[in-house]
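Right, I'll just put the structure down here and ask away after.
Chain nomenclature is as follows: A, B, C and D, assigned in order of appearance, with residue numbering initiated at 1 for each chain independently.
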């Protein structure tokens, strides 16, 4: 059995992402034991302690950007490694207890990341409703079922599991909203290169002008492209950042290895976050160049065998 | 009278920041009419509509990074311009109604940005308390005063204004936490160069590899340093970003002008967000070089007068 | 009358280049007084002293590269400026006294730059001939006419002027060989921009790693292309160089001005060598971009008039 | 016996350089058979044909820059490799036949590279003398001994060998002039790294803007410094160049290998010219950084063993 923590309870988008990855390596084959927890930090903490094999956590929203709590948890504490990713379309059901209608809704709960994605709908249909913070959207649904809150935004499946009614379905202020989830474990062998991979790193840089430019140049000069770059405050001082970068390519690609070795010299606290298959490479994704021939040329020079 | 909107009600950190800037240009001299509103977006909207002269809004926290709602509001809609900035030490009073003690506290409210900054204190002193979302910390204090909520995190001044008691003072999970606020108006003449200035721009880049590196090179090659770089999703697709950059220097510095003109050619949607005096330049801040002599040399070439 | 020194006597390629430029600015209109001298250094020296208005000197060969003596003379002494350029096809007549044949040729003279361009012909037709150094090809022809030398390589016109016979015509080891000549005067107003111009500079750089790369970046970042880059020893130490760069573009192009101002800060001894119309821009020549709109955008920011 | 060709006859600076390297690898130990030839091209040709093991050729003068004939010969034909270098102080004796004095000197011979280094002395002491071209300075001395020429510039040793008199000793227009010589063989095992090495490459680049900058960036980004960069016309068109670069470092240095592999992808016709011990590293010479630790970090990532 493979134990995987996720932001529960049953019915969250995170659970949907986990089920999506259940048939794929490294989860496929062995039985799956999903363990709901109440925060990404708790999900990752269980993996760090050895209480779980993997954690499934949201890492990026096309609407709100990075899930900062996941980012911060990934880099605080012992090293972790990403093994897989998936993306989920994000649209909400507005759930109430059976028989309730809009007029009766005084209070509304959702996860803080979900709120900005249904705010226009709320302004239009539930103006002035009292907003509450839930640890997950499915947890918000539980509070509606218990009668503590009148309505919530949650995945449709959460309503089905709890027998709630839908005031509205498929609510999403931003059409096409998606969230990316990753499967995180302790450091281990990197999944095999598929040719459409991502590699993640996280690092701080010396506090001098030009260090970010120099770091980015290490990628550019090797034609290694980035799909994402984020900065998070280190909390040490205003303007001090930790960078998170997603690289298009795999650790087994020589240009990626070269860029990582170069970054190792420039960065102050560099973490390798894994190489894994990309869920959906964009049309503009360009993997690093094949440099096999150039490396062979150099290797042949030392003993004069080039002719 | 100069009308300035701010995140109210009275007693917020934003009000403290506004009072801090009241004696400085462009607010000094004329009478000040502070107008509390319930969100940064509302504060900026009033300026855009002409209902207010300026808005005072939080833009960055040393703990949580950019205030994303302010960022998004700054660049959605007609152009706005920053005229001034200040920074405020952030530490909270935990406020209750007079006579209440910890044991009686069941519910707790704070602004979503404040919550992560008192969470350790909450875990230690009010474990399991029900968390509520308030539009501002001072609004949370009002809800405590009204009896709707049992406790809140807010500036000490909010408690004084409302006659609340302090369960704890000077609470801050992260020591030295600060928040930066800016004074925003409609586009107008740029404040005079002081020699320790910031210039803000916001832009998107063509979706090709290397465009961020090329943009950063325009600054580096002119020895123009950046104090901050942020990426925010454009909400159009996963991985599409809008960048916000704070430049060390003033529009009147020739290297800054050169970098902005270059960026104008590379960026797809470039907004100038103003040049203004820095609140507290760091010890490592290096303003752009003085290139007067080099420009004079070039100017003298055209008519052969260089000898 | 406009006095122009050139590498004489009559019949040199340099004279041909001068006649080629006689109908063009700045020579057109006024009468032309060509003054033969015996070296490029002498030609430039007369201009520096005020004894001549201009000098016509060879600057680059497609076969042998830079004419190093011209380069060195251009940068030793008071500043000079290039006003025009032309290119001449280089093919030689092998000249002897009337009636002479190959078998009678024991000695052969040519200008040192010409020798490598006829060496294959010499090896094939005059093996073992004694080689002599002449100050110009036409001077070599004079020595043949005088009987001091048996044969020489020179322009056909030199033979006609002196009544010599042609042992061979149109001799050129390298087909398509060309030499570029420039018209040099004292510093003065730069010729008007034509849209297909060259700008020359010469400079030394601080003796630190990366200074050449940094200097080249100033051009690249502004999309200013170079048509030529040469390094010449400064004679101060092994490995210390002076660089000569030809820029595609005119001093009136804003990106060229920007690059020159930047170079003025980086270089240790920078000389502007003029902006002039290119003789024959290559098909790959890309002039600097038109940045008028970007400069206008920046200029409008200072007084808030951008909307 | 190791056969080494050199620019003869006995008494040239090239012979002095060869004797200087006789006690060093790869010449030390085996007996040395020096074979005088009459040009660098002939010296290299004998090696290419297998008629000699090595050639000793001048490659750079601190006064006149690259010895262009050597450069061109090194890259025309089958590949060759540099195994060693040395530098020789260059000062000339002005040699005449015993009993002759200045007044009797009508003709003067020297190697074309030597002439510019004694020209000031000639202008001062032998104004108007007829200048002749010799294939080497020692060959010029032979012609003086034979009576064909009245005087020459040559190493003092050439005069001693031939019984000539010194009109002047230690003549050098430029004080401190030095010439660098290299020992060239067919491709073979690279000499061991000494920690103060040079690596030579020669290449052409695609005829597009920015290719030189991109190539130089491959060195700079890896902190690999260059001690020399030269451009030579390819003779195919005006403005088409072949570049010769000397790298500070050895093929066994990982950053050098990385830069060479990268250059292999960018260059159109790349030749490795060897790695060899530097004769005299300058005080500013900085070898490439030691990246052992960074490479070990990357190597440990694949199997998760980084903790």
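The working rule: a residue touches a chain if its C-beta (ideal position, glycine included) is under 8 Å from a C-beta of that chain, and two chains touch if they have at least 3 such contacts.
Here the structure is a predicted model, which is why all the values come from computation and not from measurement.
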item	value
Touching chain B and also chain C, the following chains	none
Cα superposition angle of chain A on its copy chain B, in degrees to the nearest 5	180
Rounded Å distance, chain C centre to chain D centre (Cα mean)	27
For chain A paired with chain C, centre-to-centre distance based on mean C-alpha positions, whole Å	62
Touching two or more other chains - residue numbers and ranges from chain B	217
Pairwise chain contacts under the document criterion	A-B, A-D, B-C, C-D
Chain C-touching residues of chain B, taken from the complex the two chains share	78-79, 81, 186-190, 214, 217-218, 221-222, 251-252, 257-258, 260-262, 264-265, 272, 289, 291, 293-295, 297-298, 301-307
Footprint of chain D on chain C - complex, ascending	60-65, 68, 87, 112, 115, 131-133, 174, 176-178, 180, 207-210, 212-213, 216-217, 220, 223, 225-233, 235, 237-239, 282, 284, 286
